[in-house]
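Each of the next two complexes has chain A plus one other chain: chain B in the first, chain C in the second.
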Partner chain A sequence: MELKEVNLKLVRDLQKILRKDQISVTNPDRLSYGRDSSSQAIIWARANQVKYPPDVIVWPETTQEVSKVVSFANSKSIPLIPFGGGSGVCGGTWALHGGIALDLKRLNQILKLDPIKMNVRVQTGINGEIFERELQRRNMTLGHFPSSIYVATVGGYLACRSAGQLSTKYGKIEDMVEGLEVVLANGDIVSIESVKDQPKQLDLKELFVGSEGTLGILTEATLKIHAMPESERFLAFQFRSLEEGLEGIRKILQRGVSPAVVRLYDELDTILFGSHKEKSKTGGVKESLQNSLKPMLTCIKNRSLKIFLKHTDRLGKFLNYLPGSCMLILGFQGFKKIIEAEAEIAEEVCLKYQAADLGPGPGLYWKKHRYSVSYKLSPIFDAGFFADTMEVATTWKNLSNLYHAVREAISKHALVLAHFSHAYPEGCSIYFTFVGYGENLKKSEDLYQYIWREALEACVSSGGTISHHHGVGVLKAGYMKDEWGAGLNWLNRVKNQLDPRHILNPGKLGLTPLI
Partner chain B sequence: MELKEVNLKLVRDLQKILRKDQISVTNPDRLSYGRDSSSQAIIWARANQVKYPPDVIVWPETTQEVSKVVSFANSKSIPLIPFGGGSGVCGGTWALHGGIALDLKRLNQILKLDPIKMNVRVQTGINGEIFERELQRRNMTLGHFPSSIYVATVGGYLACRSAGQLSTKYGKIEDMVEGLEVVLANGDIVSIESVKDQPKQLDLKELFVGSEGTLGILTEATLKIHAMPESERFLAFQFRSLEEGLEGIRKILQRGVSPAVVRLYDELDTILFGSHKEKSKTGGVKESLQNSLKPMLTCIKNRSLKIFLKHTDRLGKFLNYLPGSCMLILGFQGFKKIIEAEAEIAEEVCLKYQAADLGPGPGLYWKKHRYSVSYKLSPIFDAGFFADTMEVATTWKNLSNLYHAVREAISKHALVLAHFSHAYPEGCSIYFTFVGYGENLKKSEDLYQYIWREALEACVSSGGTISHHHGVGVLKAGYMKDEWGAGLNWLNRVKNQLDPRHILNPGKLGLTPLI
Partner chain C sequence: MIEIDSTSLLVTTDTDETIAQLEEQVLKEGFTLNYFTPPDNQDCLADALEERLPNLYGEAFGGIEELCAQVRWIHPSGEEYFNKLTPRSATGPSLKKFSIGSDQLLGTPIQATFRLFPRPRYHQYAIFSFPSTRASSSFKQWVYKGRLAIPLFVEISPSKVEDFLEKEKVNESFIGAAFWGEEKLVLAMINTLSESAHQKKGRHLEIGKKNQPEFLDMLRKTKESQLKKERKFSAAKEKGLQGLRQMLQRCS
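This part shows the complex of A and B:
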């Protein structure tokens, strides 16, 4: 593909602020930074397309350098796209209008770990896994384990309100924030404190965490940390129905027991999970179903799946005959004595629903493979399919309703499975995975976008939130109005105040573009 | 004292909105509503003074009526003071510029209790104790037990960011809010949702909770509730020093154990607590000290205390010779199995500091008398003394520093004791109680205000927050600038946007008055 010519004036201007090796306009770099890990970008990439490359990439090394770049961009009204690990899946880092990709990965220092305050001050460009490893060397943990941990940065966590796999115990990233350093569009460096028991300013955390780089550039954060848990224990149960499984989770959480891991797999996901296990504990009908579905998904190139996916209506009907039992995995972390008591209470609740005890096996298996899923998408795309995930959420009462509405919307056009994780006393997230097929790029893209529209519309009209932890980006931007209502006007007013020239990640988060 | 004449025009205007029995301009009412439960107001009342009576009191019965009154007040630029139980202690409901006292106590309905969502929608005028009793009848609890529970309203809780005695487990009131209904200065009725997993608007909870009626009138709230705990258990330990006690609490909390009750008494408070107990477990020097201090405070009319308080410098020196040991009470609530495990871990931590195990007695004694303290102030004032409490807070690292700074500031002029409660993984609150003496109204008032100035200055310069849960009101308004810094400018801008005529509780929270 052809890239726009290099803007030499822009490069010369940036060279007044940064060293030459902090600036790149090479084609490989511009192509790399023009995409993220979204399925849409992968679909394009498989067709040798990168639609939204930036004009230039810069690597500032200090907050002051960030501030200078931002000031400069503001003075010239040049779009600025903050960039972390590129693991986003909603197009949040696409350079829709060109401009400067501001890679923050060189701001990667742990500035201070305070074992009395039990918090850590860190630059936002640090990689998630490296950060966690450094904490664990000191017998501490952030408690944040998104499946993107090997790629994502702390800044990315914050920009999208990320959730880790243990969020039921440790909270989402926004629950961990005690302070932020933000570079505003005019270059001002602002410090925000957000701790109970500390002198206060107006607590603007809610504004910047989750703003996807549209209101300011996050350069530092103070995050809560925890002592490494003494002990860990897994349970698993097979519930007779999804609804009973959800009721079980709700009761466990609302009684004040907080497992670290909560994962309830829907019927299909339960079978597929089983099909991955070395040893299956289930048998009979389930086993034969596993045997028939196993080749379908492990041999993803199998022609039969393509045929299936061309007739998703029939596939949907077939899947309605699934036996309907659902597996729940619970994991507990903390003091041995406490988690034993917690596990006992959780077990009591599950057994009241006559759920079958599956022992620690499924939990241990999950733990071993917990980051694998994200790396399994490539072969699916290689085989000409597309796949994606969608994470919606709602309160307990509405959860089953939301699940059925979104699942029905997707299942007309693709194979869809789901699990319920990120559970809280108030409600729970639903994580859908879908696999679809289009004969060529055009058809794949059309179908992919159609599925998203249908699914998001089902979500919105069923009272779910369109994003639990992946963010909004470009993918869901069109549904912010449905979700926020009048609140979006308020957010736009804030945007206009903080970034009057709309240089900060324009086109994202459903904010109204400047006219 | 003389009250300003009744404003008949105002009454006639209000009669167009409300029934006659919803409006009062009688002197007893105006005098009652011209004060709160602050020590300053009590000092004045003992001298037959009520400095800031409203012109009129109204009792709206619906949000719509509130909206109409607010609209009307706004159209005429008449000050409006929202009023709950009158249990505030910072002058937050004084009618500094006259105007309308807007009593919300007739908005007292529990609108909906949802056992699936585990939340309750309630009108803000409901009394705290009645509300909690209704929840407990259904085997639920709010988990919020301020010592003002018999007087305060839910609206008052929210206006001041109230904390209950079990805040370590259940959080402060702001942690319980899932939704708000707010009447803005122009009469608009706005609904705010603040739940993870729900479609979002701009989350403005942080703005309105704690705004003390200066930004809007809170008329409804959705609050998190909990199942009544299955079981309860108390522990108590005598630590060799305050610092060791604080270290013990911090370690217990930062390891993830969360007691419901955490109370560490400083040296003097430990002795006085002991002197109240039927059976003291301590002996020797402590017992003799108790015996000498007991008459001093239980017989508060004793002349010797007046003499003591005239020579607080010497008293301070005397108190430095206290044996220095401090009592910690821990209370656990929840499932029997879990709290037994938690108690065991907490015990281990305390015993590592060689703290003496005092058994469940002190905790049970505390529980029995936990609301009594607030009703013991009257005899102190009757005897010509004044007394007050001051609740500051900071993070763990700074806690001992803050304690010594504020204690030293107060102890020059009054008898001061303190306990540390409302403990969190991040830090803890310090609750000072002080008793002083002035020969007459003028001297009492001067000394009282002088003590507050000195104490708040010590707090600010030691990095503490000037309020953990009593709010700011008039009492601490002058220190908001020190505490919030540039944040106060932002808050003032928000005030000017939301309440351009400054009708909402003017003069409170340190906001800049209109010029």
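This part shows the complex of A and C:
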């Protein structure tokens, strides 16, 4: 692949700030940093394309070095793209206009763990799994377990308001932030403290968390931590319908129960989950259907799926005849007596809906395999398919409406399944997974983008938020006006004030570019 | 009050009402806001939103920024800003959380949607009594570490305890607590706390029904004065942020 020639003056200038080994302009590095983990980037990469490589990659080792690089980029109006683990799925780190990729992974220290205040000060370049392992060594936990934990950094968590698999109990990352250190576009380093219980104080951290590197570079964070739970318990139930399963979750949460894990699989996802297990407990017709679908669902290379996906309208009709039952997994963590009471209430609610008790097995199975799913994408792409996920959210009142609207929009063009996780007393998130097929790169790309447009429009018109925890990046930028309304004008004014030259991650978050 | 969504447990209201007025209305419908500002919830909702008035029950239910699901602000320019009504989102900064407590940076709040909780049928009040302040501090730290969601949990002076304990007063350090919600959960929490208190040579004492309103009032007042003490915002923390604040003022 031919890359644009590097401006050597830029490299020489950077060498005045950083050591040579902190700067790279090699093609392998530029290609690596020109993509993230988004399906669009994978589609391009498989066609030997990296569309948005940076001109140069730098690895600062201190906040002061970050500040110097930012000041320099600002003085020369050079785009600067903060980069963590590269696990984003929305194009949030694509160097749309070239420039400097600012990799923060060398800012990877745990600075202070305070067992009295129960918080930890950490540099944002630390890897999520290493960070969690270090906390657990001290019998503490962040309680944040995203699927990307092995790749993502704390900075990445914060940049796009990440959610972990236990978020119903521990919250999303934004619920854990007590303080931040931010480098502004002019190079100023600001330290932001919590304003909890402080009236009339701007909560500045709320401006930077989720800003995807467009308003400032996050270099340190103080995060709330928890003692490792004394006890853990899993329950699972098979509901007669998706609607009953959703009602079950809603009632459990609204009675004050906070399970750590809440996962309700829709009909197809329930079958897929069952097909992975050695022995299904459901039996009868359902089991035989599971068995018949198993080859289709697990052997994605099977030619028949390609044929199915060419006729998604017929596939959709076929899937409408699936048995309506849906599986719910609940996991509880905390003090033994309290989680026993929580489990008792949850059980009482589920049994009222005549849901079948599946015992702890499915929950334990899920826990064992909970990070595996992300690694199953490669064979799908190998076989010429594309796959992606879309996470939306809304209130309970609107949830079924949103689910059906988005599912219908996607199912016309791809195989789609969903689960409901990240539940709250007032609403819930829906996590759609879809698999599509195009005969060549052009067709795949066109179809992929068409599906996203249709799905996002269905989401917007049904009143859902376009992202619950993946962020916006480039993928959803065109829908920010629908999401924010006039508020986006205010956000643009904030951008113009904080970063008047628009050097910080330009082209992301739907912000108006400088003319 | 404009509308109650009893499925999502949300209430939408104009912000010229007081918190007490809204609470009274939702109580009639079988709900509570679980938001209490001292001395008696008489603050207007608009003020509570502009100033981010602390919630005395915040440890269990969160501050107003968590209890509020959506706010509509009218900016002097005529623009109306509001966040999407959703439990959480990842679409940039949180306009809702940034705007609550921002005084009038984004204009005036005209309408808001708050979370509702089922009106609790079960209440419990307790004193945890310890032979030393060291033991009670250790208990407090254990509760904090366990992040137990207790609506009111405050250290109380021995003089205040006298009114609520009928018999002997041999111990010297006391913590008062109020619990409400689902009976099974409240009981499980109290059992868990009692066990821990016992391990620290403490005792769990229940408050009799007739004394409960006074006890709750005393806990609220104690919590309020505790919050005031914690509210001393350090001037040092302000340093370095002034430039940023000025930039944000210019955006409005």
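Operating definition for what follows: the second predicted complex is superposed on the first by the 509 of 515 C-alpha atoms of A that agree within 3 Å, B and C clash if a C-alpha of one lies under 4 Å from a C-alpha of the other, contacts with A are read in each partner's own complex, and residues count from 1 in each chain.
Heads up, the rule we're going with is that a contact is a pair of C-beta atoms (placed from the backbone, for glycine too) under 8 Å apart; a residue touches a chain by one contact, two chains touch by 3 or more.
Everything quoted here is computed from the prediction, not taken from an experiment.
**Q** Are chain B and chain C a fit on chain A, or do they clash, once the structures share the same frame?
**A** When both complexes are placed onto chain A, chain B and chain C end up clashing with one another.
**Q** Could you tell me if A:184 is touching chain B, chain C, both of them or neither one (first, second, both, neither)?
**A** The answer is second: A:184 touches chain C but not chain B.
**Q** Output check: A:215 vs chain B and chain C. Expected answer is one of first, second, both, neither. What do you get?
**A** second
**Q** Quick one: classify A:160 as touching chain B (first), chain C (second), both or neither.
**A** The second partner, chain C, only.
**Q** State whether chain B or chain C is in contact with more residues of chain A in the superposed arrangement.
**A** Partner with more touched residues of chain A: C.
**Q** Looking at the overlay, does A:256 come into contact with chain B only (first), chain C only (second), both, or neither?
**A** both
**Q** When the two structures are overlaid on chain A, which partner does A:114 contact: first (chain B), second (chain C), both, or neither?
**A** first
**Q** Of the partners chain B and chain C, which touch A:133 in the superposed model: first, second, both, neither?
**A** After superposing on A, A:133 lies clear of both chain B and chain C.
**Q** Should A:472 be classified as contacting the first partner (chain B), the second (chain C), both, or neither?
**A** Only chain C is touched by A:472; chain B is not.
**Q** Pick one for A:484: touches chain B only (first), chain C only (second), both, or neither.
**A** A:484 contacts both chain B and chain C.
**Q** Pick out the stretch of chain B that clashes with chain C after the overlay, from 152-160, 314-322, 404-412 or 440-448.
**A** 152-160
**Q** Take the contacts of chain A with chain B and those with chain C, and give the residues found in both.
**A** 116, 118, 172, 195-203, 206-207, 226-227, 250, 254-257, 334-335, 337-338, 340-342, 344-345, 393-397, 424-429, 463-466, 468, 483-487, 490-491, 494.
**Q** Which of the residues in chain A come into contact with chain C in the complex?
**A** Residues in contact with chain C: 115-116, 118, 160-163, 172, 174, 184, 188-193, 195-204, 206-212, 215, 226-227, 250, 254-257, 334-335, 337-338, 340-342, 344-345, 393-398, 422, 424-429, 463-472, 476, 480, 483-487, 489-491, 493-494, 497-498, 509-510.
**Q** Once bound in the complex, which stretches of chain C touch chain A?
**A** On the chain C side, the touching residues are 5, 7-10, 50-54, 58, 63, 65, 69, 75, 79-95, 97-98, 100-103, 105-106, 115, 117-118, 141, 144-148, 181-182, 184-185, 187-189, 191-192, 195, 227, 230-231, 233, 237, 240-241, 243-245, 247-248, 250-252.
**Q** Which chain B residues qualify as touching chain A in the complex?
**A** Result: residues 114, 116-119, 172, 178, 195-203, 206-207, 224, 226-227, 229, 250, 254-257, 334-335, 337-338, 340-342, 344-345, 393-397, 424-429, 460, 463-466, 468, 483-488, 490-491, 494 of chain B touch chain A.
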